[in-house]
Every structure is written in structure tokens, then in C-alpha cells.
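By letter and in written order, the chains are A, B, C and D; residue numbering begins at 1 in each of them.
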Amino acid sequence: MNNKDLKETLYRVIFGTDTPAGKNFDLFLIFAILVSVSTLMADSVTGYSDMYYEVIRYIEWTLTVLFTIEYAVRIYCSPNPRRYLTSFYGFIDLVSILPSYVSLFVPGANFLLVIRIMRFLRIFRVLKLVRYSTEASTLGRSMYHARRKVLIFFLSVLVMTTIFGSLMYIVEGPENGFSSIPKSIYWTIVTITTVGYGDITPQTPLGQFIAALTMLMGYSILAVPTGIFTAELAQELQRERMNVVCPNCSKLGHDNDADYCRSCGGSLNP
Amino acid sequence: MNNKDLKETLYRVIFGTDTPAGKNFDLFLIFAILVSVSTLMADSVTGYSDMYYEVIRYIEWTLTVLFTIEYAVRIYCSPNPRRYLTSFYGFIDLVSILPSYVSLFVPGANFLLVIRIMRFLRIFRVLKLVRYSTEASTLGRSMYHARRKVLIFFLSVLVMTTIFGSLMYIVEGPENGFSSIPKSIYWTIVTITTVGYGDITPQTPLGQFIAALTMLMGYSILAVPTGIFTAELAQELQRERMNVVCPNCSKLGHDNDADYCRSCGGSLNP
Amino acid sequence: MNNKDLKETLYRVIFGTDTPAGKNFDLFLIFAILVSVSTLMADSVTGYSDMYYEVIRYIEWTLTVLFTIEYAVRIYCSPNPRRYLTSFYGFIDLVSILPSYVSLFVPGANFLLVIRIMRFLRIFRVLKLVRYSTEASTLGRSMYHARRKVLIFFLSVLVMTTIFGSLMYIVEGPENGFSSIPKSIYWTIVTITTVGYGDITPQTPLGQFIAALTMLMGYSILAVPTGIFTAELAQELQRERMNVVCPNCSKLGHDNDADYCRSCGGSLNP
Amino acid sequence: MNNKDLKETLYRVIFGTDTPAGKNFDLFLIFAILVSVSTLMADSVTGYSDMYYEVIRYIEWTLTVLFTIEYAVRIYCSPNPRRYLTSFYGFIDLVSILPSYVSLFVPGANFLLVIRIMRFLRIFRVLKLVRYSTEASTLGRSMYHARRKVLIFFLSVLVMTTIFGSLMYIVEGPENGFSSIPKSIYWTIVTITTVGYGDITPQTPLGQFIAALTMLMGYSILAVPTGIFTAELAQELQRERMNVVCPNCSKLGHDNDADYCRSCGGSLNP
């Protein structure tokens, strides 16, 4: 097998999904990512990190070496290595392995190690290639169409949050936990999103009245992103349905789960 | 009455709903299930379990024996006993009675007794047979159509939750209650679903800023499952309406609560 | 003015809204209800009930006497007094005045006095007569169409809540606040509706895992009532739009906020 | 340049956006508003207000003077100064600068200074002129159409909240934190909007049962504003799509993100 053939074969296995080898590679990668993320989690639990110190170290380094080899092979077999390196997944692949090597030279860089959990994002690459791409793109297109409305919405929430937060800062004041405007804004976001930790709560009747208004407002504006997304998605689904063309009679307007043409009865998925 | 006739009569009473006896049997079963579940609940309340020890025991054993007889008769009269035994409801029926008998031989198996509360699920079998089957299947079909989109959504939530949880673990650390990555992920889920217990809350300004982002994100992505389900349900309702055929003039496209054909005025439910 | 004329005039003023006197009566009633509810609230605040004891007593008795007169007049001028007395609002009108009189004879019946707050419900009668009746009936019809789906939904929530509550009772146990199955069910409802008081929180890792599942489930099933109602309302709005008939050319299918026929340009509200 | 020309040029720069100078002015204004709001926030943080006392004072007074000049110029170049002064943004512009000057004469009027955060609202004026006006007006029209339904909804929530609050006041009473009807109503709003601070929680079994009902009710009625807004928005989007006219063949009914006519293929945005 010459060099070019090797590159192509590797490319088909690592980047592709339509060969048995490519599918097995993907399955192995999912397994490796899940093991790696679980190990990272276990390592952060106080008892486990001491008890299973050696096992965790061993798994982590084995996977780091494997991911490093994979990274190198991806660069090697990519038709455009520069583009791969500067892509989103190229960056994630680097972030998945670099912290382990850095920790060898910079001791105590604990926070760097946690960054490796970003490798969990790689699971999207594997899954995106396999299936559900239509579904994901329907969701994606709906979000794309909704982007401006959502931006306006978030800007309004930001401004409203700032004003209500400042109001509560005046009304309740530092003695009731609203110690600064940023902290009052934090409280307003906690309230408006209906999270409601209860770490800061209004104590004065006027503060409780404004808080109640904030809650009702948050309750109502929750309708806005939901409404925007739902309306866009409903339109997207309708658009999709309309765009399915019968290969037999060329009629449009089929249900998006139809298997046969509603006009001539021919199969829509021959 | 010979053996075959007996089987058929029993089958019609126990599995069917179209005879007066079958309806009465269903009503009695609903009553027995409700009494049994209430007794199980009362038994768990500290005061009651001692005060009404004898009464609770008496009710439980009476119902267990009744359910056992019912289980035996179901096996006896079922046209395909093996299929019944391995079905979902066959399993639930067994789980409803077994723990009581096991507790006779294995004392202290308290957690086994609570498992009997699974018999509450049997209420769906009774209700499914009676009415609302169209409504339930509309909801079911909408969920079925939405399954892939929901899966993608949940996978995204899982990955996002893990990454945000790890981030908070670095930023806040064990001294503020974020004692491990799994616990931080628990906090992230509590926050992103807007539950907000307040048992763990961010204390540092940076942690509160990330928490606010998490809340706003959770607030927005709540729109996604709602949007998916609503859009699918709206389409399902439209599809249903379109599929009602007038038995008189064969026109389609009636409102789904229409009683008369909008074209010829003939009854749609003759 | 003879007796029959008096009855009719009173009926038009008290039950009707199309005369100036009827409108003024409604406005006065809204004012009286708001004053009365505010007084009841102030009476429950510790400081106020002592400070303004006389004022509160005076307002309450004045309004009670007024409402009593109104009640008597309603009975007198109603074309069918029996039907009024047994109607929903007839009952509310009685509940609005009775507790005050009872408290004269039964001292300390504090809880009876609070029942008078039910008179706040009377505000709906006044408002229903004035305007918004189309809007309210659109909402009402959507809810009516959705009733069966909502019932199935609530039954499922009830059963799921019971099973998850019992599971948490086994996993967490009384030592972590899950002291009985009913209390665990209370916790499950607090969690599944994303309220999250934080008065009871899971302490064991397994309990926190199940809690996270409960939250995500609650987060998803929130989509169901929203989806049901939205889809029904969207259909209702479409149906309304289709049913507006142009008085000039008899065309259908106008926008529900259109003022002129989209076909002939004639006014839709002549 | 004579007086009238100066006025017109200033008007185009300050109120308009279609000249490079107008755009630069808007960008500078956004920057100034963001700096000013950030300074106000920093000033409220205990440590910062002392550490950076001079810097904060300096930034604030510079921006106040700048905003004062801008306010004066706006009055000068406005074609109708009276209308500007009495408009919403005219009021906000005044509120943005007045408190600083008042604080010179009235020492300790700390709460007046916080009012300056209202200047954050000015960012909407700048953004409204630039882009997204179609998107914002779609959202706005949907909300306008939904206004009556939302009003009915809020009135119902208000009445329900009052009645449930009074009920909890009777059931739980002052000894469990429900110290007055207004406070119980505050609790009901906290619960019904699923915020759930946990500062007041029901302690009696009956109280917890009513609380669970309140939560489920709140959970369901959350569907109402979402449903109303979504249905109106879906209709608004459909209406918009239908109203786009192809400038070439005059056909209607294009997708609202279409760039070319679906009938003749001509550009829709020539």
C-alpha cells in the first residue's frame, strides 16, 4: 500500500462512517471518550482519587496517548491539515490532550486537568456523522431563523434585570443581603429565570412586592423564547413537508413521515 | 358451562370492557388499587404504621390474596399465557404481589415492600381499555415523532451540564460546596432545570456570573423540548383533522371536534 | 313606578351593563370589592389589625351591609330567584356576607372571616359582562378541547410522582428528611414542577442522581401541557379566523384582526 | 453654515443613523452608556467604591457633562422640542443626568444616584434605529394581539393567588411563617411561578398538600401565556409570509426568509 492509499484508507476510517472499519472506529471512540470522562469525574471525588490513584492514572495516560496518536493521524491523513488544526474540533482535540502533558512540567496545575473534560464535546463529531443529521439541522435552522428575535429578547432581559436589580438594591439594601448592584442583578436573574435558590431573599414588604412583580414578569417572558422557537420550528416542519418531492409523479406537500406518495401511491424512499 | 366457555367468559370480564361485568370488574380493580396504594402510603407514616398496624396488615393481605387470585385467573384464561407473563403488565402484576410473600421468609426486607407501589401502574391498563385511547395515542404519536429531536436535545444538555459543572468545580471549589465534579454536575442540573434548591450556591462573583449564564441558558433551552413537542402535536392535530372522512360524501378536512360534515351536513359519527 | 317596572329596572342596573346606571353600578362594585379585599388583607397584618382596629371594623361592616342589601336585591329582581341562589355566583355572594354575621354569635371563628376573601371571585362576574368575552371564550374553548389530554397528563404525573417518591423514600430514608412516602411525594412534586424549595434535599449520591433524573423528566414533561394548550389554541385561532363572514360578499377566511374584507374591501364591523 | 443648516446636520447625526457621522455617534453613545452603567455598578460594590473613589467620580462627572451637552443639543436641534421633552426617551434622558446635579445640593441622596441606571434604557433607542426593527415589530405585534388574553390570564392569577394565599394563612398560620395574608400571597406567587425560594415552606401535611396543588396548578397555567404568545406569533409569521409581494410577478405567499420568488424566480429584494 503506497503512501497516498494509506492516507485515503486512514481518512475513510477516521473521518468517514460508511465502512465497517469506520463504524468500529467510531464506536471505540465513543467508548474511549465515555471511559475518559468517567475517570475524570471519579478523580474529583475525594475518596476515589486516593483509593484508585494508580488505576485512574493508568487509564488517563493510556487514553491520553491513544488520543495523541489519533490527533497525529488526523493531521497526517487530513486532506487539508491546516484547516483541520484551526477548526473547532481540531482545537477540542488539542485541548483534550495538552493539559496532561503540561501537568508533567507544571505541577499543581489542577485546573488545567479539568479542562480535559472538554473532550466530551468530541462525542458530537462522532454522532453527527452517524445519523440524526436531518433532525439536528431542522433544530439548527429553527434556531438560526430565531437568532435575531432571541437577541432582542436577551438584550431586553439584560436591561430589565439591571434596572430591577438596582431597584432592589435601593429598597432592600446591604443589610438584607443585596450587598451591591451586581449581587442584586444576580438575585434578579435567579428570580426571573424561576430558579430561586433562596440564598438572598427580600425581607421588607416593598421588596417582596417588587420580587413578586419580578417573578410574574419572568414567568410571562419565559413565554417569549419558547414562543419564538416553537413558531419557527412549526414553520420549518411545514416547509420540510412541502419540499418532499415524489420521485414518480413529482407532486409536493407530503407528510414528513409519509412513505408513499399521497397522489400516485409510489414509494417516496425508493 | 364447559372449560372453554369458562375461559372465554373470564377473559371477557377480566381483559375486556364491553360487558357490564367487565366494567364492574374494572371499577372494582381501580378501587382496590387506590385502597392498596393509600394503605402503603399510610404504612410509611411513622405514627400511623404503629397505630393502625393490624388494620394495615389486614387490608394489605386481603388485597394481596385478591391480586394473587386475579393473577392466577389472568394466566388461566389468557389465550397465550406465556405472552402475558412476559408482557409489561404481566411483570407489573407479579411485582405487585411477590414482595408480600417474600417478606414472610426474609424479615426486614422493608425496601421490597415499597416496591409494591409499582402496582399503581396497573391503573393505566384499566384506563387504557376504557376511553381516551384516541387522545393518548395523539400524544403518544407526537412524542414518537419528536423522539430523535428530544434525544439530540438531551445529549446536548448532558454534555453542556458536564462542562459547566466542571467549570464551576474549578471556579468555586470544594470550600463552597462544589466538592466533586459529579456534585457540581448535580448543581448544574438543579440550576439548568430552574429547580434551584439552594443547598449548593455559588459564593464567588465569578461563580455567580457563570451561574447566571447557566440559568439564562437553561431558561432558553427549556424552549427546545416545548417547541419540539408543540410543533409535532400541532402537526398531528392537523393531520387527524384532515383524515376524518365523511361517511356520506367522502369529503376530508373536518375540524377534529366536528359532529357533522362541513360539506353535506351528514353526521360524522353515525 | 309599579312593582314589575321596579324589578326590571333593578335587574337592568344590577345584572346588565348596557345602561349608564348599570356601568356605574359595576364600577362601584369593583371599587367596593377591591376596598373590601384590601381591608381583609390589612386586618391579617399583625401591626395594622391593632392600630386601625376601628377603621377596619367600620369599613368591613359598612361593606357587609351593602353586600347584604345587594344580595337581597339580586334575589328580589332576579327573574328566577331559585336559579340565582343555587348558581355559582349566588353561592359566592352568600359566602361573602355570611361569615361576618356568624362571627357575631360564634366568637373566635377567625378562619370563617378569611373565607370572605372568596368575594374577590365576584370581580369575574362584573368583568365578564363588560368586555373580553370573546377572548375569554377562545381561551376557554381551547382548554375545553384540551381537557382529556390534560387529564391523561395529570394521571401520568400522579403515578410517576408516587413511584419516584417511594423510590426516594427507600434510597434516602427518614434520616435525610424523606420521613414518609407522602412527604417523599411532596418532595417529588416540588422537584418535578421545578419549584425546588430546598427544605428537603437528597444527600446520598444515588439520591442526587435520581433527583437529577426527576428534574430532567419534570423539565421535559413541562412541555406537554404547554404543547397541548398551544396546539389547541393555534387551531382555535385559525378556526375563528375562518369563521368571520364578510357581510357584503360573504367571503370567509379573514385575519382575526381584520377590519375590512380582503376580497371586496367592505367593512367587516358595519 | 447658517443656523438652520446646523440644526439639520445635528439632527441627522444625533437622531439619524444613515450617515457615517450618525453611525459613529451611535457607537460612541452605546460605549458611553455601557461605561457609565459599569461604573455605577462598580460604585455599589463595597471595596471598589473606596478603592477607586476618584476614578469613579471622574468617569461619572465626565459622562454626566457629556450626556448634559447631548440633552441640550437634542432639545436645540429637535424639530419639535416640546414633543421630545415630554416623550419617553426625553424623560429617560433627563433622569440620566438630573440625579448627579441634585446630589451636589442634597447630600446623602444615595438612592437618587442609583436611579441613573435608568440610562441603560437609552440603549434601546440607539439599537432600534440601527437594525432588527422588523424582528422587534413582529414580536411587538404578537404581544399586542395577545394583550387581552394576557390581561384575563393575569387577573385570574391575581384572584387565584389571593384565595390560595388566604387558605394557606388559615391552614399554616403565623407559627409556620405565614404571618399575614399579604405574606401568604407572596408565598403563593413564589410557588405558582415555580421560583420556590424556600424562605417560607409549609410544615403541616394539609399545608403541603395544598402547596402541591398550587405547584401543579402553577405548572399548568404556565402553559397559558406561552400558548397565547406562541399561537399569536405563529399567526403573525404566517401573515408576514403571505404579505411579501414579488416585485416581478406580484405573486404572494413566499417563505419569510426567501430571497427569490417561488413562482418566477425573480429577486424579492431588488
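Simple rule for what comes next: contacts are C-beta pairs under 8 Å (C-beta built on N, C-alpha and C of every residue); 3 or more make two chains touch, one makes a residue touch a chain.
Predicted model only: the values in this text are computed from it and were never measured.
Rounded to a multiple of 5, the Cα-based rotation taking chain A onto chain B is 90 degrees. Both copies, chain B and chain C, contribute mostly unmatched positions to the interface they share, with under half of the numbers common to the two.
A count of contacting C-beta pairs for A-D and for B-D identifies A-D as the more extensively joined pair. Separating the CA-averaged centres of chain A and chain D is a span of 29 Å. Between chain B and chain D the centroid-to-centroid distance comes to 41 Å (mean Cα coordinates, whole Å).
The residues of chain D that reach two or more other chains are 182, 185, 194-198, 222, 226, 228, 230, 232, 234, listed in rising order. Across the interface of their complex, chain A is touched by residues 145, 148-149, 151-153, 155, 159, 162-163, 166-167, 169-170, 174, 179-182, 185, 191, 194-198, 201, 205, 208-209, 211-212, 215-216, 218-220, 222-224, 226-228, 230-232, 234-235, 239 of chain B.
Note for the complex: chain A touches chain B at residues 37, 40-41, 44-46, 110-111, 114, 117-118, 120-121, 123-124, 127, 132, 135-136, 138-139, 142, 150, 154, 157, 182-183, 185-186, 189-190, 193-199, 222, 225-226, 228-230, 232-234, 237-238, 241, 255-257.
By the touch rule above, chain D contacts chain B in their complex via residues 194-198, 226, 230.
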